[in-house]
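What follows is a group of structures, each given as structure tokens.
In the two assemblies presented below, chain A is common to both, partnered first by chain B and then by chain C.
The block that comes next holds the complex of A and B.
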């Protein structure tokens, strides 16, 4: 509750949050709000400039750019969000096991994490795409595989920090089960760290997916994805530069949104970080 | 203080960005004997007896005995030749003034060694039927060689004129008398010599000062690797690169609008060859688990492709609509064939009659629980192929066929073609010098279209007919056989033609003498000069 109250006070944070929620809703309801079929090819409108009928113009096959941007939210934001949640869940479980039980389990999990973290994400993703084939699902799979280790590490550290607290020790002494100690006394505390780390890595994941789609490794044609739209626009970069604007702005604004949100979350969860003027208030 | 620093930093950044924007056009146009051309891929292994190398580069360095021109076969390294009565013995009289780039003399011995090196690696050359027909090659005297065949083979001279493999490398470069396991150098007899090669960066060719047909006027040609079309466009605007042309695989990396923009700016000219080949989709009739093995499906795809729109909108009229595997100006290809024009209703009808039924408007047709789904492979370096693929995907969806698109490197696509691991893929016929004989012969070659044609009913009979065509002396009979072969592949709808492609050259305005060969694979750089 305090979290939301703090967040609401931070104008930038709440604007980002609302913006992102709006974007995600637009993605979910794309079939309803999109003015045209994103896949409908209409050659006479090839490279047409914006008009009332097609607000952002048309691409190289005469498809409506606005509708493609809206449908692109699904691949570029929603699916990544899902992948993020999955890897955060795996990371949390692993981090808790390692941090709470310590000992040999901890060593094993942390060594696995070391191995995973020592590979560069891009290289591994490209390798996985090479083995499993081109496709968004394979990239997301690669991301889940690579990212959980990062979350596990951070969450373990944060668990270690709380496990030494007096009341946790007390809870142990009175014989509460491990499950309820974790769920009731530690998880709520680590939740803030999880939220901050997750929201900040969301933006890097969006950029990475866009990057890989740009290289032609992501979602398959004809489905819309922002990175791929950029790559399609790149081919006519010097003759029709305006085509890069829509997907470019979409990617930038969502990434900026997530960055601001993660900053504000951090402040909201940890009031010490707030700027002096606000404390006085 | 802090704010000042920030402003300064911002200004600095702005200046850097703006500085990057100004066009620093290199004024090196005075240097008028150099060409720098952009290539999507490295020139690769220049060994002329193998296939990974860039053909346009190999064409500059190596030469064959005879040359294929518009007027027919002309002398090149062989001044003249005689063919024996029975058509199995060819005697070539070689030019006496030719030396390899390493100073070695070109003579009958070198010819014999090169031929033997090629013949010792016969499996690699299965597509060129001549490799199967050569019985022996003998030196008659220093400048005369005699080629003996097992049987009559009418395209012999045409195949000897090709860019590879029957071209000549200095015997000093051979490894243990062979070329199949690599060579020590790349010394040919051609107008240009390879002087420097940095893999994936550039290759430099310099004029051969001892060239037998006169020193080329262009002194230096650099092949610069620029994988993306926009970089090429930018490099041409800046003058880093001043020449670009359609590459070996038929991919134009610069888009047509970009070319027009360059030409309008006034520094460049655009030259297009006449129609040279047919760009098409090859259907794998031999893959029995794929719907592409069914004739009706292939026919329906043919009917569902709007070639007019592709030619007009995607190629902006630069390529013309193709209705058959070979355009009628190709030898032996003036055959009357059933026209299959764009007709969505017809495509639907064919599928319906063939038992592929559709449940609702927007779904995929099914037959016996199997969905009408196929994979189409295109060259990821070619923006026009991707656009066509997406366009065709849209049209086929209307008919109830689901097409999955996969963009891959051209080598990977060639590999799929050789192993049969595809449903549909983009390809092109091999150009006037190769059509129809080599392309038809390639129907029987594992590395080319064997998988594609395997599904033809009575395929064995069909392959025998191809064999027969190539060894027939009687012109009339050969004509009939070709007619029969072309009709079969047309009726089976294995090669779904799209457009007739050509070679596009973008060159500096003051470059003269731009001409084309009979193949899309090389350009006669030695004939070009600056004015």
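The block that comes next holds the complex of A and C.
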């Protein structure tokens, strides 16, 4: 609760959070709020400029751009968010096991991570797409497979750092259980690392998925995805540059939102970085 | 009360191909009775902090046993509310996400006591010379001396059988060192707790301890009551004492 109170105090942070929540809700309720069917082809309206009927205009097949942007939230934000949560969870559990119990478990987990991290993400993603076929779910699978190792590494390092702290030694001295030490002394501190790393890698994942969709490896053709919309607009980049604006702005604003949120989370979570508001007033 | 019996401890230097092990403590035995203040004195690297970690039960020796009232301290349950510790580094002694109140409550919550916790905290803070308004401060808002007082309040809150001080005053400036030593003396008289006082500062040790244990290269050189300090026999202890007189 303290976290929310601190976040509310930070205007930029709370704005980013509300914006992202709103975007995600719009994605979930896309079928209700979208004014048109995102897949409905309407050739007479090809490249139509914005109108009251189609607020953001129509694309090269006459499809409503606004509806496609709204449906695109699902692939471009929601599914990525889910993949991120899964890989953060796997990474956190692995990182905690490795960092807290050390020894042989640590060595095994870290060698697996080293192997995973020695492949470039793009190469593996393309390889997995090559094996399993084109599709958003395969890219997300590849992401989860590759990213957890990265999270595990970061979280292990931060667990190792906090476990050496004197207050952890104190908690062990007075006979607290491993569970309560992890929950009260290590998780809250690593949580700020986790949140910051997760929110910043959310931005990079959105950009990567958009990039891969742009290359035609992501979501399958008629479905909406922001990167793919950019790719479609590219063909008419010089004659109809305005078609790039909507998906471009959507991607940039969500990425910026996550970056701001990660900065604010860092401050809100850490009492030392928090501004003592009394002094300023 | 506290009985350390033939304790050995070594650390592995984990190389990639071979690991060698180095003996840090060798055949350490001593006892500390209820309400006694035992000083452990030795030079840097002699293994004092290692011994300290064994005495608070967070590391195990290879050989030997450490018992409190006949029970092993390496069982979590036997340590609860019996052992406490104050470390040297006051900056990392309190969880930065905890307020002073949270920190002092931690050991109290672990033993489920019935009394009114808010009253206890105010009392403890006053006892260590802080105003109860410090309750809501975070550790980074405290000075070193204040943080160390909070750690002492936290350590005495459950009235343990003994408290280990590992260089607990070494990083404070001299006038505050004296204040804290006086505070500890006073608390000892009112609570009858045992202290184990690890330090390389023989002056501070003679000020507060009833008995001194001279420690060198992981071995107990000699134990001697503070009042008989001039009668030490081992050459190392004599050297230490000479330095003391020089200053």
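Just so we're on the same page, the second predicted complex is superposed on the first by the 246 of 281 C-alpha atoms of A that agree within 3 Å, B and C clash if a C-alpha of one lies under 4 Å from a C-alpha of the other, contacts with A are read in each partner's own complex, and residues count from 1 in each chain.
Keep in mind that, in the parts below, a contact is a pair of C-beta atoms (placed from the backbone, for glycine too) under 8 Å apart; a residue touches a chain by one contact, two chains touch by 3 or more.
The shown structure was predicted, so the numbers you read here are calculated from the model rather than taken from an experiment.
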Checklist entry - What is the contact status of A:61 with respect to chain B (first) and chain C (second): first, second, both, or neither? => result first
Item to check | First (chain B), second (chain C), both or neither touched by A:120 | outcome: neither
Checklist entry - Which holds for A:31: it touches chain B only (first), chain C only (second), both, or neither? => result neither
Checklist entry - Which partner does A:130 reach: the first (chain B), the second (chain C), both, or neither? => result neither
Checklist entry - Between chain B (first) and chain C (second), which, if any, makes contact with A:241: first, second, both or neither? => result neither
Item to check | chain B versus chain C as contact partner of A:216, first or second or both or neither | outcome: first
Checklist entry - Of the partners chain B and chain C, which touch A:41 in the superposed model: first, second, both, neither? => result first
Next on the checklist: Quick check for you: in the superposed arrangement, does A:175 touch first (chain B), second (chain C), both or neither?
Outcome noted: second
Checklist entry - Which chain A residues lie in the overlap of the chain B contact set and the chain C contact set? => result none
Next on the checklist: Quick check on the complex: what are the chain B residues that touch chain A?
Outcome noted: 228-230, 233-234, 237, 255, 257-258, 261, 309, 313, 380, 383, 386-387, 389-391, 393-395, 397, 404-407
Checklist entry - Along chain A, where are the residues that touch chain C in the complex? => result 165-167, 169-177, 184-185, 188-189, 270-272
Next on the checklist: Could you list, by residue number, the parts of chain C that touch chain A in their complex?
Outcome noted: 53, 56-58, 76-81, 83-85, 87, 89, 92-98, 103, 106-107, 110, 138, 140, 154, 158
Checklist outcome for this item: Counting only contacts in the complex, chain A reaches chain B at residues 39-41, 43-44, 46, 60-61, 134, 216, 220-222, 234-240
